[in-house]
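Here come two complexes built around subunit A, the first alongside subunit B, the second alongside subunit C.
Presenting the complex of A and B:
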């Protein structure tokens, strides 16, 4: 690693743009979050107090946190299980990988079109339920909407995570595995003693990318249900968009800062947890 | 026995995972009458029936595609908007993010760690956090309600820097040092060692970003007002289902480039994703 300033030359252009479109805007929003009145008359914590008492903010935050808390472990475990299966049955290999990856490439528009037919009150799923003699479910206008969103997230991100895990699995020395087998270690023992410890290093990146992608379910939720979907899928992104449109800019600023602080803490904690992770600087 | 159950499980998942693409294709090939009768439950609320759907259309027809070609010129305008956004963002990122990733991966300079951490944080922030000040910046630059309002900030996104960085990190330092001893300049090293070695990482980042901007919703929704400047992803979902056939055909047409590019780049994509988890 060369310790010199030509590094700056390479990042100069990027840094300029990041300053204009990300860093300065962030400082701007930080300033706005502490000022009340349109001209920033007084400085204080009023905005934060206000949004913490705001019903919509509470619901949206709760939903977003709940979504991440449900999805990330589910995605990690499911994708790890499938990738261990693929790893131990290499013959399946590429075809299975491809079919799990394809959803990444399916445009959100196609997904949304299918949703409209599948989950409508008179849609395909209710038709099936009805013909089997069950009661129909109001999918998009009930708490089921949350789980549809979870399903759609898993569907889209499974393949990506399988690839990430397979990469980590590929670093295990096969001789270690077979030696453990010879010593009579059970499947579970091998999983907990060999496989899991060796994929641990990649986990920081896997989790960071999984959280990053979890924010993108807003697209499906918005395109299917608009600005005001059912309460169970009213996410912070809906709320911020609505505040933006209603010119509730002080609230928007405070909400944005609060959310970003939570996110930053989360990233720092994750990084601490996996200090030896892949992105060592 | 155990592996048979596993195989069943995996095939079941694989089917679920692939079905939506098939669903769109089938819908786009159904004739007008078949669609109308299948979808009666949704289209006409007075009809008390459910949507019925079959695995294959009774009669294949390309009528929907013909109609979209002849009667929906708007579709192609928006299709090109999406294409322009994708191309603009990707060219921008190639010029901006690739050198930046190299700078972060290969040099030590004051504040590097802090800056890179900031890049990771900005990569994670949902768009809505910065939408207000970004709106003000774009308005000052006079870019609101143009495709540039999506392209320009997109060109500076930090995600590709992060992905490509992990790739450049894998280049052995001795190789770079050897080139330096031979008298190669820093830019020369970047072009003759960095770019070739990082090729699949760069390709992976670009494919991921293509897929991202092919589906862009948040930015155009706020920054673009004129309907004829919207990308496809904002227009299609609002289509009237009276023309379900056209909606299906449009959805399938927007799926083709996406799946095609994905398949073409799948290998680099996989090796690119791989590089992000492995410490070398």
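Presenting the complex of A and C:
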């Protein structure tokens, strides 16, 4: 009993922070999403109907979903493959690991500056294309923008995910790998029967973190292309930003609630998947 | 079912001393070899080199007359048992034991019959559906043994398989390992730091210290004719009493010293410093003119007691000091 009480004491501080800055504002948003103006006159689901018919909301949602659907599997598979390669070749050492982490340490503004050098209409890439006799490409004002954003996300998050996977791989007892080798398992058999099943439990947290991090690419997109970028990289965050500036607080609230519900459902589904996999294991 | 021949095996780690130096051993078909030595003596490294888990710096290993130096572990046809069991946590006991057969593409029905048969001999039939997490240490090691014998490997390698178990389980499993090896007739290399285990299990014992072999022999030979003071003091339940005599090192086992509570002509007088009962006999520490000695007898030893001791000349071991 006493242990329980001191346990609560330990979480008190962060609980207070989370309540003041996250939970209470969320409740406020929840109320606003069902009302009009700042007065709080209840109008039921009107806000939701309105934003679901909104063209900008549709484009933004579509882009965001597409971005996550492309990036997350790509990032997970790429980082897992690289981390398994590092795990199987320990002689590569920390040099390789560190080099993958460098993008994380570069501030967003520097990245954006680099983008401008590279992808501007008169930038380095177009300069190269020009000197080779090709037509220049309007990188940031075409569908290429989406893939540039994808590349930037992968580039920035790859190292972090590799470290997470390596942490999961490090929990495998090296003697178990030795035992599998002596039992006659080939490299592939060890990968699919020993290594991958062992990191399965770590996958959930890696996926959730990757999804949450995917929302951060907005910073790059915003700093490069401003409030109204090309249609292919107009994300929900752009929309919310613009609504905020135009004081469309009730639309904003409804959109936020909708997004949070989708995210919560997504996480619950993921959790359920892993729990089921866990018992089957 | 194999003969193992190891010549001049060496392992040097970069920038450190030799972990293993000039290891030579010939194990006959069906022989039970125990490599014993203090921790860090290179015995586990030697075993891992035989398994192919570690690359030797020099030397060669022959299995049935063919070199296996270039073969990866999975092609060497050896089975290994580890100190921490090294079971596959995500598989049941049955699946663990089936694994070596499964990766070889053995048919399901054959796997099932083999695993059940092995489980029966190891008395773990009831545990087959459990995962390692739900097994005790002794049960885990039984499953690991089952995984090793379910296919008939050319060689058993055992790396301190009993060290994580409690004393009672250690004795029980030690006996089972011995019977298992006799029954299957598989040549076995067993590594331990426990001289008692080495004595109880081995046909021949290899004593290692600081990367080198000190002596190879049957348990009896090592006990009665130790080649140097290190081997002498390593074997025996009680430590051998050692002292210097000129340029010789002398040693006598506590059990070879005769003791008397009353005066005997020409016997040395000594005073007991401590005495305790170990369950079989009384063990004492005495101070005598050669130094501090351990002695034993079947009568009660008390502190401060005066005793008379004697050691027949032929029981004293002598080695030239280096």
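We take it that the second predicted complex is superposed on the first by the 250 of 281 C-alpha atoms of A that agree within 3 Å, B and C clash if a C-alpha of one lies under 4 Å from a C-alpha of the other, contacts with A are read in each partner's own complex, and residues count from 1 in each chain.
Keep this in mind: a contact is a pair of C-beta atoms (placed from the backbone, for glycine too) under 8 Å apart; a residue touches a chain by one contact, two chains touch by 3 or more.
Every value quoted in this text rests on a predicted model; they were computed, and no experiment measured them.
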Subunit C versus subunit B, contacts on subunit A by residue: B
Partner chain(s) touched by A:111 [first = subunit B, second = subunit C, both, neither]: first
Which superposed partner A:65 touches (first subunit B, second subunit C, both, neither): neither
Subunit B versus subunit C as contact partner of A:198, first or second or both or neither: second
Partner chain(s) touched by A:176 [first = subunit B, second = subunit C, both, neither]: second
Which superposed partner A:28 touches (first subunit B, second subunit C, both, neither): first
First, second, both or neither for A:185, with subunit B first and subunit C second: second
Which superposed partner A:261 touches (first subunit B, second subunit C, both, neither): neither
Interface residues of subunit A shared between complexes with subunit B and subunit C: 281
Residues of subunit A touching subunit C in the complex: 173, 175-176, 178-186, 189, 193-194, 197-198, 200, 281
For the subunit B and subunit A complex, residues of the former touching the latter: 3, 6-7, 10, 13-14, 16-18, 20-21, 23-24, 27, 39, 41-42, 45, 48-53, 95-97, 99-100, 102-104, 106-109, 112-113, 115-116, 118-137, 152-153, 155-156, 158-159, 161-162, 165-166, 173, 180, 186, 190, 211, 214-215, 217-218, 221-222, 232-234, 236-237, 241, 247-248, 250-252, 254-255, 258-259, 261-263, 266, 269-270, 273-279
For the subunit C and subunit A complex, residues of the former touching the latter: 48, 51-53, 72-80, 82, 84, 86-90, 99-100, 103-104, 144, 147, 157
Residues of subunit A touching subunit B in the complex: 1-11, 13-15, 17-18, 20-26, 28-29, 32, 82, 85-86, 89, 92, 96-114, 116-117, 120, 122-124, 126-127, 130, 155, 158-160, 163-168, 170-171, 201-202, 205-206, 208-209, 211-212, 215, 218-219, 222-224, 236-237, 240-241, 244, 249, 252-253, 256, 259-260, 263-264, 267, 276-281
